[in-house]
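Accompanying notes for the structure given below.
The first chain written gets the first letter, and so on, giving A, B, C, D, E and F; residue counts start at 1 in each chain.
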Amino acid sequence: MGKDRISSGIPGLNRLLDGGYIRSRSMLIVGGPGTGKSILTWHFLFNGLMNDENAVLLSLDQPLDLILSDMANFGWDPREAVENKSFSILSGTLNLVPNEIGFEYMISFDHPVLREQPFTIPRLAELIRKKASEIDATRIVVDGLGPLLELAGNRFEIRQMVYSFIRELARDKRSLLLTHELRTGINAGNDEMPYFIADGVIKLDMLYSAGDYVRTMRVIKIRGTSHIMRPIMFKISDNGIEAFPDARLPE
Amino acid sequence: MGKDRISSGIPGLNRLLDGGYIRSRSMLIVGGPGTGKSILTWHFLFNGLMNDENAVLLSLDQPLDLILSDMANFGWDPREAVENKSFSILSGTLNLVPNEIGFEYMISFDHPVLREQPFTIPRLAELIRKKASEIDATRIVVDGLGPLLELAGNRFEIRQMVYSFIRELARDKRSLLLTHELRTGINAGNDEMPYFIADGVIKLDMLYSAGDYVRTMRVIKIRGTSHIMRPIMFKISDNGIEAFPDARLPE
Amino acid sequence: MGKDRISSGIPGLNRLLDGGYIRSRSMLIVGGPGTGKSILTWHFLFNGLMNDENAVLLSLDQPLDLILSDMANFGWDPREAVENKSFSILSGTLNLVPNEIGFEYMISFDHPVLREQPFTIPRLAELIRKKASEIDATRIVVDGLGPLLELAGNRFEIRQMVYSFIRELARDKRSLLLTHELRTGINAGNDEMPYFIADGVIKLDMLYSAGDYVRTMRVIKIRGTSHIMRPIMFKISDNGIEAFPDARLPE
Amino acid sequence: MGKDRISSGIPGLNRLLDGGYIRSRSMLIVGGPGTGKSILTWHFLFNGLMNDENAVLLSLDQPLDLILSDMANFGWDPREAVENKSFSILSGTLNLVPNEIGFEYMISFDHPVLREQPFTIPRLAELIRKKASEIDATRIVVDGLGPLLELAGNRFEIRQMVYSFIRELARDKRSLLLTHELRTGINAGNDEMPYFIADGVIKLDMLYSAGDYVRTMRVIKIRGTSHIMRPIMFKISDNGIEAFPDARLPE
Amino acid sequence: MGKDRISSGIPGLNRLLDGGYIRSRSMLIVGGPGTGKSILTWHFLFNGLMNDENAVLLSLDQPLDLILSDMANFGWDPREAVENKSFSILSGTLNLVPNEIGFEYMISFDHPVLREQPFTIPRLAELIRKKASEIDATRIVVDGLGPLLELAGNRFEIRQMVYSFIRELARDKRSLLLTHELRTGINAGNDEMPYFIADGVIKLDMLYSAGDYVRTMRVIKIRGTSHIMRPIMFKISDNGIEAFPDARLPE
Amino acid sequence: MGKDRISSGIPGLNRLLDGGYIRSRSMLIVGGPGTGKSILTWHFLFNGLMNDENAVLLSLDQPLDLILSDMANFGWDPREAVENKSFSILSGTLNLVPNEIGFEYMISFDHPVLREQPFTIPRLAELIRKKASEIDATRIVVDGLGPLLELAGNRFEIRQMVYSFIRELARDKRSLLLTHELRTGINAGNDEMPYFIADGVIKLDMLYSAGDYVRTMRVIKIRGTSHIMRPIMFKISDNGIEAFPDARLPE
């Protein structure tokens, strides 16, 4: 019995993945700043929309207009899909607001209905799942776990809630892509995100060679299947990500 | 007086181990994400079932249906063994649930009877031992100590309980395999799991060579016996793990 | 649809950025001490003033007279622009002042009206936005997040407020440049500033080669666009920064 | 005036030590998992028994039956010595047991009389000294300081008590061997055990060379004597440890 | 408009600095133990005295008699200058003295009038500024921020006060030299002193080459001016520091 | 005016030091375990006794009989000097003893009169100074600051007291030698002992070369004098330390 595969929207990556992401599972995309994590998720989202798979995108890194403008750079325009309810974008920022007994977390959503509600992490998971149900989405992207983990700091309870958040989202058996920005620098504490939280992990990287940087991606893990382990090169152009599974990496 | 050996289910690894794991002892399998820890334990479990040794598997990393689907990838189907009570799978997730005085840990088991019980680590050990007694299991696998140690965070008491948990399981003199995911990256704090907790340690790794990764395994320690110390290569294919004790590692 | 670009004031850097910074977005300039972060922002400010784009500069690192004197070194004199209200400089120092219940943060501004007010980080954001509105500024520079983050220490709440501060400033869709001094030394804890906080990141560095240091700059990330990834050389002379996108870096 | 030497039971190590351990002093044996620390102490114990020097062994790492089985692997059988009271083995595990005000440490001894007593570290030292007095032992081995230090965690008082424990044992002028498992990995926090606590330190290691590991031992320190400083090779076979002071280490 | 320069008292360093330190600004001298930080400041002080620029020296590292004796080693005798009030030396040690509610910091000054006063960091800044006013000093040296930062430990408030201390001293527009001893060793936590606190930073170092050490100095940063970035060699002889800006560093 | 020098008792080291230690100053001897710190101090002590300079030795690492036995190994016998009151040895161990409100530090001295007194660090300084006064000692050795700093742990107040302790001892202008054991291993936190606390620092080390270790010593710092900076080789034989300032170090 083979796995049911779902296209990443990037042919070269599909080959690396032996056909695509595994349907109904979670995949964590990690990489330093500027390695192309968001663009990788957009390929996944628009591939879905083109194949009548509805999608939900949550971004706590940037406001809706910037997301739209950045997608447009690569020729993607989600506005029609949003209007006919095949695509739902939840964007906003997490803020710390003082109250009587200390502080309270607020998510300021760009969405007109949701604006300025006091949100907790469990309610965020609930919101995403509700949105996904409403539009019958099979693909979910959470772009940027960073702001949620920043909230955690060293607070054990909140970190646990982020893990619960991921587990909650994984429960409905929708295909789930999560991105997490690795810090650069030799002492960056990247261990705050254990990889066992997801069913698979892809790492995006930059390789310095002869005065320039080459972009690479590598499948670190996919549960329960064999996969190609070597890093492959990719480029980001006006068409988004193009991966080259056959090209030789510079030494 | 020689040790009583028990097959790992992987011929090449048996050779490395001078015949197999030592019966009635505990073995810790460590390795980064995607190194094949779960698959290694499945060889052990199904080798047992084929030789009329009953088995218990605890997994807090993923739900039952994913485990079954992943095992099927390699041609293993445990459903018959589960039905005739030679195999028991305890799978579920650990969650943090608020109560009046703070937080409480819940294990949500996939098992119909066990679902949503408030569980503590000592009760988890008790449950596994009870299950093992019920089906007269001689092989126990705990796949993923990560979620238990995550619970611990910096809390000394819970970490101690995880150690007690391992000691409890070791008490019945069943053969015990534990897996623990090492974090990647140079600053990963992997020292949260002291190796003296188990009777033996095997480390799975990936070795980068000429643009690709080669899988290696190495016996780091087995109490009270000499063993082959060098790392050997292995592959993961549709038949699971195949180890090559005679192949030369790339420089 | 292409991005609306805004000149950095440095021709070579504009080429690296495919035309300039992206208008109405935030850019983080990081680098060790003495790498030229302030000078880089002055090019941006005076390029704006020459093109009738008004600007606000906040500096908590040094007093007004030193800033004026240092700008003069490179031939820039902002005094006329300040007088005719196309440029506003907010400079001062953060101080810790004891009160009855502990300590209170004071910003001692050089500005005659603002001197010695007890300021909080949210009020600082409010002040900058108000100044920007008053003079209709489209370019904002915050030179030195260090003092704000120093205040944070390990205090989670204040660090969160610094992030909120950046998000607040980004809200008005003015073009925003932030500088942050990376600590030198192999164990410097530079991870206190996650890069996802800004839309783009440029890193200034020094490369040791054959007994001397060569200055380099590199675009680490710009959201939603492709960009040149390789580091390029630059010099600081009496005319400020001159970047050489075509020069070959020493090995 | 020369030191009174006491055989380590390993001829090659005796040569490294200029005749053997120094009588009536403490020696700390450190090394990663699987480096042979326990076996090294068994040579010392059985050499004593063969020369009418009685001995006490404390192990908090594993139960009595495993110890006996592991010793048997190398041809050592201590049962007769235990019966005629020339050898005393104290084995057990440390457990954390909740009580009304928090937690309490219990040592579960395998010994029938001692089973399940609530023990503190000072009482453990007292017990060992009492046992040593009863059988007139001149050699004491504490195999595995790890569990005691684990108890300490970051708690200053307990760590101090472990040091006091060692000092207490050293007070009776019996020859004392302590083992401590160093953690592997580049960030392992091995500094929890300062070496000034013992009169001498031997480090066991593994050296990777040409695809295999070579075992090495090195005398790091012996108070008040000169000694051979270079690492030497050793092997573990069915006869236990054989050291080769004259063999050349691989580069 | 060029900067007003002030001689460092070391011709080779003046060349590196394009004429000397910048008048009325602060300069931080960092380096490991024994790199010559104190001697570098003495050149600055005695160059001032020879040119009728009065000076204040604060040292919390060593008592007055040792300072005088060490200066004499290089042929400097400040006693006449002290007597005719062109030079003021404040030397002493910081001590922790218990009081009813905890501890209190005492500075034991060698100065007869100041001896044994309970001093706080703000009062120390006030004292230095008062002394500088009394003798109309234009050059101030604080030799050793270490004891002040030691006091801080992890206490946020005291560390902030040390920064305030530096800012206070910088306020009077006297030329200010500060020294800070960097810890040796790869894990030394040198990041406790952010460089943005001063207008310029010079680093003294030792370079191991062919069995010996070569002394080097490097200007890491000077605000608002270009400067020579490469490290240059220097020697310490009976005449103090001699710098060689033209000599080639060993590879 | 040259410094008054005092022989280290080791001719080769005297040459490195330009004649010897500086009289009436403090010198810190640092090095890993087994590098010869104690032996280096014994040369200093017995050189004093031979030249009619009385001496005090404090050791909290080991009891009196071991010290005497170890000194005898190198042909030194201090017993006559102790009897005629030209030499005073204070040896003992620091212990943590529970009392009603927590814990209390006890120094168990080997000295018959001093045995088992509850001692604080200030009283320890007082005791040494009193002993030094009684026998008119000009040389003081504190062998092993480790136990005192261990007491400190992360407790700021005790660490400050250790620094005060050193300052107290330095106050009487006796020549003072302190030893401190550096931890081995790449992550050892050796920064707990800032070098500015002493007037000079000598580091003992071991250099691995061609399968063996070579002992080296290096003067890291001496306040206010030039000195030879390069590391030199030394040996420990039955005559103690012999240093070779002219020998070439292996590459």
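The working rule: contacts are C-beta pairs under 8 Å (C-beta built on N, C-alpha and C of every residue); 3 or more make two chains touch, one makes a residue touch a chain.
It should be emphasised that the depicted structure is a prediction, and the values quoted were computed from it without experimental measurement.
Student: Can you give the shortest number of steps from subunit A to subunit D, where adjacent chains in the path must touch?
Tutor: When the steps are counted carefully, the minimum from subunit A to subunit D is 2.
Student: As a test of understanding: of all chains, whose mean C-alpha position lies farthest from that of subunit F?
Tutor: A
Student: Farthest chain from subunit B, going by the mean of C-alpha atoms per chain?
Tutor: Max centre-to-centre separation from subunit B belongs to E.
Student: Is the contact between copies subunit B and subunit D built from the same residues on both sides or from different ones, judged by whether over half of the numbers are shared?
Tutor: Different, since most residue numbers here occur in only one copy.
Student: Which angle of rotation, from 0 to 180°, maps the CA atoms of subunit C onto the equivalent atoms of subunit F, to the nearest 5?
Tutor: 120
Student: Express in whole angstrom the distance between the two chain centres, defined as the mean CA positions of subunit D and subunit F.
Tutor: About 29 Å separates the centre of subunit D from that of subunit F.
Student: Using the average of all C-alpha atoms in each chain as its centre, how far is it in Å between subunit C and subunit D?
Tutor: Averaging C-alpha atoms per chain gives centres 59 Å apart.
Student: Calculate how many whole Å lie between the centre of subunit B and the centre of subunit F, each centre taken as the average of the chain's C-alpha atoms.
Tutor: 51
Student: Mark out which residues of subunit D touch at least two other chains, giving numbers and ranges.
Tutor: 186-189
Student: List the ring in order: which chains come, beginning at subunit A and going next to subunit B?
Tutor: Loop order (subunit A start, subunit B next): A, B, D, F, E, C.
Student: Which of the residues in subunit C end up touching subunit A in this complex?
Tutor: 1-3, 25, 156-157, 159-161, 163-164, 167, 186-191, 194-196, 199, 201, 219-226, 229-231, 248-249
Student: Quick check: in the complex, which residue numbers of subunit E touch subunit F?
Tutor: My answer: residues 32-34, 38-39, 61-62, 66, 69-74, 93, 95-96, 103, 144, 146-147, 150-151, 153-155, 181, 183-189, 206, 211-213, 215, 236-238.
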